[in-house]
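Take a look at the structures listed below.
One chain, chain A, appears in both complexes that follow, with chain B as partner in the first and chain C in the second.
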Partner chain A sequence: MDNDELIAKLENSDREDDTALAAEDEVVHKLLIFQIDSIKYAVYADLVREIVINHDLYYIPFVPPYIAGLINRQGQPYTVFDLKMLFTNERLRASKVLIMKSETDYIAFLITDVAEISGIPASSINLVVSSETENTFIGSFNHRGNEIFIINVQEIYNRLADDLQNI
Partner chain B sequence: MNIPIRLSIRHKILLGSIGIATIACLSIAILCYKKAGAIIDTAAEQGLTGITDHLLNLCRTNYELNQKTVNYNLNVANHFVNGKTELNNNRPVRYNAEDQVTHVKTPVALPGMTVGGTFVSNSFELVDRVTNMIGGTVTIFQTMTRPKGLLRISTSVKRKDGSRAVGTYIPESSPVYAAIMKRETFMGNAFVVNDWYITAYKPIIGAGNDIIGTIYVGIRQSEMDVLRNKILSVKHGAQGMTYVIDDHENSRGTLVIHPSMEGKNILGSKDADGTEYIREICSRKNGSGIYSIPDPETGTAKRKMLQYRNLPEMGWIIVAEGDYDEINSPLFSLRNTMVVVGILCIIFIVVVGTYFSRSISAVVRNIVTRLKLLKEGDFSQDISAEDMARDDEFGVMAHHFSQLIQNTRELLGKVKQTTEVLTESIQDLTVSSKEISSTSNQQAAAVKEIVTTMEDSDSLSKQVASRIDEVARIASQTKDFVEKGFSLIRETLDKMEEIQNTNAESITGVRSLGTQIESIWDVVNIINGIADQTKIIAFNAELEASAAGDAGKNFQIVASEVRRLADSTVSSTNEIRQKIDEIQRSSDNLVLSTEKGTERIREGWERSTKLREVFDEILNSAEVSAASSEQIVASVNQQVSAFEQILITLRQISQGIDDFVVSTRSTTSASESLKETGEDLKTSLAKYILS
Partner chain C sequence: MTSRTFRTASASENVETVVVSGDWGGFLINRSEIASSIYYDAADFSRFGNTLFHVFEHKNENTLLLDFDHYLNKYFSITPSGKSCIIFFFNIRPDSPLDKLKDAFGQTGGNGAMLSRTAAVKITGTAALHSVPLREFRFFPEPVRAPLARQGILCLRINGSPGAQYLIDLHTLMTKQLERISTENGDE
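Let's look at the complex of A and B:
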């Protein structure tokens, strides 16, 4: 190998190192992907406290239809959201619940199943810019050929607060 | 060998004589032509050999005379230089010394040379004066040491461009140099500058008794005009010529003396067959040959006869050439004459052959005409008196032939009379024989009709006996089959009962299996629930690990693996579920099928029972039929035996009448044949005309 080839090789190596450093610098979001019936959605994993199964659900009267009821989790009452009712106006028959982290509210989502917890680079997430859908979804990303929407949890909290005030 | 063309005697004689004459004429002509050709070739070769030998002697004599002249000339030239030649180191002369063979040039500087006090280096006064006195060419050489050789410093020898050949030198490899260095005088044929000369060289000895130079005299070989003219004037025939080819190593193939191409090198010339004939001549030195040589002007190849001789003293090959067609022109004339004479001979033979063949064929033709009439049955005409009167063998043959016709005519007359009497007797015999034959035929026909009727009856009774036998056998077989069938039905009923019992046990077993499968189903559901919960716990662990940041990385990996394990458990239990579903479906189908089978078995058992009752009745009927058939067979067999006895007797009677009919037919046929023979004989004799 001559001198020129060695220099070219060293330059390539430098470039690759730069790329690797850049990749290391990129932010990776942990997202929990779950299913409502067969449709997949995602929430940021750091917003989820835990997942529970076969927990007793207590029906609450005079509340919006997307509230499936209450569960008692370690002495705390969690309001369970039926996201299928929220999106399609149909009730979901499921036994799994996502318990969300929140300092102010005790909120949970009724889901069919949990698919996986996956690290998604920030560059792969397409943020939603439309004003219509911004309330429900933050953005979307392509995961193994499927476009998955990320639920805007804060907006759902806000909506619950608004709807409860209007009752 | 069969010749397909039919020729008459006359034509055969004619063609034979012409053929023999033609072959004889052609053989003589070819023999004469070949012989004459060989004689002419030998004569021409001898003529050309005489020319070359003559010229060889002439050249050799001329060479020897010239060599002597050169030797005298050398003495004259030597008188001018030897003992008077000195070298002057104070007056050196520069030369661009050129090897006369390789033409390689080398710059040299040599001391100036004086002869009798006269400076001769690059000065030509002395050599020109000597040349004018003795003729030919004169050169003074100075000895060189580096390179070794003899350098021409003053000469009357000229190059091809006309300049004097000063500065060229004889190299060390030359025999001339070798002889001079041995202080010897060289005489002979030598290459000088650019051509071959008859030469003489003598060393010039200096004051210190060393060889400081050489004096040379020479005559150019190709400039000997008298010899040249003499060679060119000698030729064989009008088209022939003589020429000389140079045979020296470096100039081989060059035409030294030639009527039109002198100086041209033709070593690579080829004849019409592609042979390099000059190279062949140079390699053979002496000999002869015939070559088809293309004409240099027209390009047309002509056959030439060449005779050549080598003259080694001068390095020459003398060639005498003769035109082959010119040499052979008398032969061509002879050939034409022979063709004319041959044609005249053939015409003469045709005329004579025609006369003789006509004479012979006339008699033969008359006899053939008579033979044709005899073949058609006409014995009334004799051979003509003119043919019988001939004195030769044909006259005797005609006379005997006439006698043969007369004898045959008498014999045929007697045969005719005898045949008439014989024919009438045969006619009577034929009529009576026919009547007997007719009567016997009628009797034979009547008896045959009776035999045929009896045969038909016999055949019918045999067929009836055969059928009855068959019926009795079948009845017996039927009885056996019915008995076997009855036994089988009984066995079938027993087996069907066994199947019914076994089938009921199978249904019970399959139902029990369904219950057990349902219990497996419950277990699988429990496993699935556990796996589902494990998965959720794993997700929770993963969430906790994620919340812990870098500290929870490893834990996250473990949680992820637990989740994957739970996933695979769920997947496996799903597969088990599917399998259980399939087993349950199969089990249900099996119960249904078995129940249907039980129903069919029951129906079969009922039908078999009914069948057994029917077979009871069939068995009784079969036994009665078999007994009756055996009685009928005995009666029919007695009837068939009686018919056979009657038929044998009738056949014997019919055979006797048939034999009699055959005898009468044979008699009738013989008399008919005799009658036909008599008629044929009469007809055959009728076509002969006897008067």
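Let's look at the complex of A and C:
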């Protein structure tokens, strides 16, 4: 190997390192993937406080049908959303609840099961072009052959606030 | 103290609370809201039809009465049953919209009856007075809290045991239901 060849190889090596470093620098979102029946959805994992199983659910009157009820978690009541009812107008029969992390909005989602927590590169997430009326999902990504939608938690909360205005 | 002043504070203060329970669960009423109460045989009210409001004769006066059993059936899908029922009487506040609403009901739904300034709520079940620590009351989470409060369901009691009990404001609950009837043309 002469010097020219050596320099060329070094430069190539540098470029490969730069590419590798750039890949390492890419933002990876930690997403919690869960199931509603057999359909998978995701939320940003840092929005989830905990997962609880077999909690008593208390009925709340005067609320939209996608509110499954109330759970008491360590003395704090949480409003539990039935996302299946919200998306398909059918009630979900399930006993697991995702408690969402917020200092002010005590909300939770009724789910069938947690599938996994996975790191998804930002470049793999296809952002949903939102309309004025439909911002339920932030985006979607392909995971092991499945298209998984990421739920816009704040929008779900806002929808309830809107729906309750005339009650 | 009225039920409007409840806070979810950790104060050691207690609230005299009537716990009404039956085969359907339990509700709470602030004792200070109740003027008096009386037990009846549930069969005495079998003539009541399937409507929310009735004119009830008590101490030679016509009193507007809300059938809470009907309310439970309508909004909670609960059908209370039992041999005894209790009627709670409360005084209508002078500046309350309930005052005008009950007069309007007396003229229409009450066949022209002049109604007293006392209103009543009938519940099938039994009642017991409890001194409940204020810290056991919790507001509903937002954004559910305000709409429920407008319906007269103020907060809930969580005391470590399974279940939750809802604290109701009889005055607000009855006002809201009369408003509904007046806007729905009497369609219950």
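Just so it is clear, the second predicted complex is superposed on the first by the 158 of 167 C-alpha atoms of A that agree within 3 Å, B and C clash if a C-alpha of one lies under 4 Å from a C-alpha of the other, contacts with A are read in each partner's own complex, and residues count from 1 in each chain.
Everything that follows uses one rule, which is that contacts are C-beta pairs under 8 Å (C-beta built on N, C-alpha and C of every residue); 3 or more make two chains touch, one makes a residue touch a chain.
Computed from a prediction, not measured in an experiment: that's the story for all the values here.
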Quiz item: Should the pairing of chain B and chain C on chain A count as a clash or a fit in the superposition?
Solution: fit
Exercise. Determine, under the contact definition given at the top, whether A:145 touches first (chain B), second (chain C), both, or neither.
Key: neither
Practice problem: Go through the superposed model and pick first if A:63 touches only chain B, second if only chain C, both, or neither. | Solution: second
Quiz item: Given the touch rule stated above, what does A:161 touch, chain B (first), chain C (second), both, or neither?
Solution: second
Exercise. Have a look at where A:105 lands relative to chain B and chain C in the superposition and call it first, second, both or neither.
Key: second
Exercise. Tell me which partner A:49 touches in the superposition: chain B (first), chain C (second), both or neither.
Key: first
Quiz item: Which of the two partners, first being chain B and second being chain C, lies in contact with A:76: first, second, both, or neither?
Solution: second
Quiz item: Does chain C touch more residues of chain A than chain B does, or is it the other way round?
Solution: C
Practice problem: Would you give the minimum C-alpha distance from chain B to chain C, in Å, for the three-chain superposition? | Solution: 20
Self-check item: In the complex, chain C residues that touch chain A
Solution: 75-76, 138, 140-144, 146-148, 150-151, 153, 156, 158, 160, 162-164
Exercise. Note which residues of chain A are touching chain C in the complex, please.
Key: 56, 58-63, 67, 70, 72, 75-79, 104-107, 157, 160-161, 164, 167
Exercise. Under the touch definition given earlier, write down the residues of chain A that touch chain B in their complex.
Key: 30, 32, 45-46, 48-53, 96, 114, 116-117
Exercise. Spell out the residues on chain B that touch chain A in their complex, using ranges where they run on.
Key: 532-533, 535-536, 539-540, 542-543, 546-547, 560, 563
